[in-house]
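Shared between the two complexes below is chain A, which pairs with chain B and chain C, respectively.
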Partner chain A sequence: MTDVILEKVGKTYLNGFQAIPSVDLSIEEGEFIVLVGPSGCGKSTLLRMVAGLESISSGTLRIRGEHMNNKEPAERDIAMVFQNYALYPHMTVYNNMAYGLKNRGVPKDQIEEKVTDVAQMLGLTELLQRKPGQLSGGQRQRVAMGRAMVRDPTVFLFDEPLSNLDAKLRVQMRVEIRQLQRKLGTTTLYVTHDQVEAMTLADRLVVLNKGKAEQIGTPMELYNTPATPFVAAFIGSPSMNLIDATLTDKGIELPDGLVLPTDTADAHRGAVVWGIRPEHLDVVNESEADFALRIQAVESLGAETLIHGVVGTESVVVRLSGPHLPEINSLMWLHAPKQHWHLFDANTQQRLSV
Partner chain B sequence: MIENRPWLTFASHATLLVGIGLVALPVWMALVASTHPASAFGAGHIPLWFGDAGGQTWGNVLFEKAGNGVDTPVFWMMLNSLIMALGITFGKIAISLLSAYAIVFFRFPFRNLCFWIIFMTLMLPVEVRIVPTYEVIANLGLLNSYTGLTLPLIASATATFLFRQCFLSMPGELVEAARIDGAGPWRFFFDILLPLSRTNIAALFVILFIYGWNQYLWPLLITTDDAYYTLVMSIKRMLSVTDGDIAWNQIMATTLLAMLPPVAVVIGMQKLFVKGLVDSEK
Partner chain C sequence: MTVTFPQKGLPWLLLLPQLVVTAIFFLWPAEQALEQAFYQEDAFGLSREFVGLENFIDLFTDPLYYESMLTTLVFSFSVAIGGMSVALLLAVMADRIIRGKLTYQTLLIWPYAVAPALAGVLWWILFDPSMGPIALWLDNIGIDWNHYLNGNQAMILVVIAATWKQISYNFLFFLAGLQAVPRSLIEAASIDGASPFKRFWTIVFPLLSPTTFFLLVVNLVYAFFETFGVIDATTKGGPGQSTTTLVYKVFDDGFVGLDLGGSAAQSVILMAIVGLMTVIQFRFIERKVQYS
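Our next item is the complex of A and B:
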């Protein structure tokens, strides 16, 4: 069953600024959808429109088939976890979690049962009588999730919930959120700017750019076949090497006269963007090489080494597993396997077959 | 202090002691004078230690009549002052809380204009508009009544402004979380806004109580009936005796009694007062 449907949903502010032209998205029951994009791409606005905290300027929003455009947030059967948690500072953890149920007129004994259950699930039982000020960041985050969970809503909305935690806790909470969501089977819409978070959490990703959905798909679809150069650069770390080139009958002509021969079936000729991920470049002998990289900087991370350099005038990053210590300014011969190439039309920004 | 210099400690303590002496001496003299018979002060010497007429003077002043032409006992005037001060305080807090709530959290036409109009009333304290206000109250038949004493002093731009600032600093996500939790405007006001502005309310209570308690001009104008006289205005009346000696002992006792409630409020709410002015829980 489809839980949430966005049909041509758009947002134009009163001052005429169009934050989101039009987004179509349908979310299946129990699905974990991540909205990802750089800051200012409209991902939070979209989430807040689903929550009912921002009005919808055009299009329709349906939750469980019901038209929701003009419903109050409390009537939409959603629960939201905020970036700063937004816990009520004067209430105990118990009351923070119980508040939404109290307002809905749920009987006291049921509230207690639900809150106790959820507190146990999240390991908050000992903290129920504390106030948010006495909790650590991770604990507050859990309370915020607990507050959403006791309501047992149709949809969970997360607005960058992990961005205030330190790196280690973030990884831990990320895993926890994923496990909880699987266990509860609640449809989830999650906003983040962190592509690692997006890749690890999502069933499907929505990459937003300037209010437009560039591509919607599973993390692996987005990694293997990005639809636009924007998605290609955004997904994966370090990001894909993208070089402006020209597609001719000879093949792909890079700006420095280098030609990568190809027998593409695509009829398109002209300006293209050619891309290859840093992890897909192989170090080979000079005889087998497609081109040479002049090394400018080496980042040794132990398990892997990132080598920054230039091919002609284009900067290129290579990612090698294990430690390597090549000399700065020396040459490194590289082979770019054809199955890992990505090719985009420079004008339409659409993906071309290689 | 990190430095440890004995002479510095000595000097600072000495300065403080001199300061306390300067401030407390008049209070001390008032206390001592109230325990001597009326003639002692009039005779030209100022006693520095307690006399033996204390109990009688205080008893008379408090329960029978204040003396010097004022026939109402001090406890009755104290009650009047208290009703007026508390009426003004609670009225001001309630009205300004509500108006600040409307201005900060609701979107309605001319919202900013409303705020600026309220703000402009800062330029119109009672002293400026005293004649028209008196006429309005007189026409409403509110002379010599508690309503007349409190109502014209209730409207408050200062308190509205203070609460507006306090509400503006409330994180927006908190409001949104409450909306998602299904709290309507009243629920949000009572469950979240009010508890969170507790310390601000306390701080304002202290300031406004003292303001209300010290009202002089307005009660003087609109009360002509002894039953509604407030304490502060009566002290002045006790001083204007047309013939005979001024009974300083009674005046001193009355003055000290007039001082007690504000002192009690300040001491009792000191902690909350400081908290309300300097920090916020949010």
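Our next item is the complex of A and C:
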């Protein structure tokens, strides 16, 4: 069953600025959807439009089939976790979690049962009588989630909930959020600018760029077949190597006269963007190589090594597993396997088949 | 940051103007009042006689003094609560508007710049029983307004005049307090199903409590000690004693009644009250009522 449907949803501010031209998205029941993109891409605006905190300028929003455009946030059966948690500082943890239920006139004993259950699930039982000011960042985060969970909403909305936590806690909470969501089976819309978070959490990702959905798909679809150079660069860390090139009958002509021969089925000829991920470049002998990398910097991360350098004048990153210590300024011979190439039309920014 | 001076004299020289002002205008008069409180002086100031605590005993056995205390309490709390309520209402409305915000806010702050005596005169004219527009309008709807004869009406008049001046000040603090409440809290509450009215009383107002408590003390201090001008310009403490607050009584007894000793004793009591209020302000406002 489809839970949430966005049809040509757009946002234009009073001053005429069009933040979101038009987004189409349908979310299945229980699905975990992540909206990801750089800051200012409109992802938070889109989330707030679903929440009802921001008006919808055009298009329609449906939750469980019901038209929601003009409904108050409270009438949409959603719960939201804010970036700064937005806990009520003068209320205890218990009252923070009970507030929404009290406002809806739920009987007292039911509220208590609900809050105690959720507190137990989140390990907050000991903290119920504390105020938010006496909690650590991770605990506040849990309370914010608890407040959303007690309401048993149709949809969870998360607005960059982990960005205020330190790196270690962020990984831990990320796993917890995913497990909880699986267990509860609640449809979730989650906003982040962190592509690692997006990849690990999402059933499907929506990559937003300047208010437009560049691509919607599973993390692996986006990783394997990015639809545009923007998605290609955004998903994966370190970013995909993207080089402006020209597609001719001979093959892909990189700047500096390098040619990667190919018999592409695509009829397109002209300006293209050629890409390959750092982890897909192989180190080979000179005779088998497609090109040479002049090494400029080496980042040793233990489990893997990132080698930064230039091919001609283009910057290229290579990712090798295990430790390597090549000399700076030496040459590294590389092979780019054809099945890992990505090719985009430079004008339309659309993916071409290799 | 610590600044070290080469000679010892220079820092004292730099402090001197402030010390002189404090000594001449605060310490000396306070000392004079304290001294005076133990003397009885004749009306022309030619001779005086040490009377010990007699001035204080007279005061505390005088029913008029207790009446004035009650008047002061009624007046002060009416001014504080009235002024704060109206200011909070205006601040909530000012916080909502988007266009013309600056103009609206500026206009609301203006009354604070009006001198107390002028504010008094302004309301005195508006409420004048024979020609004041408000008094005439009240007459039309069947209320016989004459604050020269009716003590309660006189009290209402001084409360309005004193409150009006203080609204601007309260407004500024409430507006700043409202703007400091994170928007996301209001949004979270609206998702939690709280109506705008409920959001205000359960989220916004509790979060404003440090501001509210601070303003309560400031307003009480204002009503206690800084409303002499307003009262003098509107009712002169009358009719009878009905608007004679403690501060007004100090003036009235001392300069009209020429009982300098009794007036000085009252000043000493007022000084004690100011001291107490200052302690309360620092003890509670600085520490107790705040949220991290």
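Just so it is clear, the second predicted complex is superposed on the first by the 354 of 354 C-alpha atoms of A that agree within 3 Å, B and C clash if a C-alpha of one lies under 4 Å from a C-alpha of the other, contacts with A are read in each partner's own complex, and residues count from 1 in each chain.
The rule is short, and it goes like this: a residue touches a chain if its C-beta (ideal position, glycine included) is under 8 Å from a C-beta of that chain, and two chains touch if they have at least 3 such contacts.
Owing to the predicted nature of the structure, the values given are computational and were not obtained by experimental measurement.
Colleague: Evaluate whether chain B and chain C can sit on chain A together after superposition, giving fit or clash.
Modeller: Overlaying the two complexes on chain A (C-alpha atoms) leaves chain C and chain B clashing.
Colleague: Based on the superposed arrangement, let me know which partner A:84 touches: chain B (first), chain C (second), both, or neither?
Modeller: Both partners.
Colleague: Looking at A:73 after the superposition, I want to know if it touches chain B, chain C, both of them or none. Which is it: first, second, both, neither?
Modeller: In the superposed model, A:73 contacts both chain B and chain C.
Colleague: Report for A:333: first if it touches chain B alone, second if chain C alone, otherwise both or neither.
Modeller: Neither chain B nor chain C is touched by A:333.
Colleague: Once the shared chain is lined up, is A:223 touching chain B (first), chain C (second), both, or neither of them?
Modeller: neither
Colleague: Shared contact residues on chain A, chain B side and chain C side combined as an intersection?
Modeller: Touching chain B and chain C on chain A: residues 51-53, 72-74, 78-80, 82-84, 86, 88-90, 99-100, 103-104, 133, 147.
Colleague: Which chain A residues qualify as touching chain C in the complex?
Modeller: These residues of chain A touch chain C: 51-53, 72-74, 78-80, 82-84, 86, 88-90, 99-100, 103-104, 133, 147, 151.
Colleague: Would you mind writing out the residues of chain B in touch with chain A in their complex?
Modeller: 171, 173-174, 176-183, 187, 191-192, 195-196, 198, 281-282
Colleague: Quick one: in the complex, what on chain C touches chain A?
Modeller: Touch list, chain C to chain A: 182, 184-185, 187-194, 198, 202-203, 206-207, 209, 291-292.
Colleague: Using the touch definition up top, name the residues of chain A that touch chain B in the complex.
Modeller: It is residues 51-53, 72-74, 78-80, 82-90, 99-100, 103-104, 133, 147 of chain A that touch chain B.
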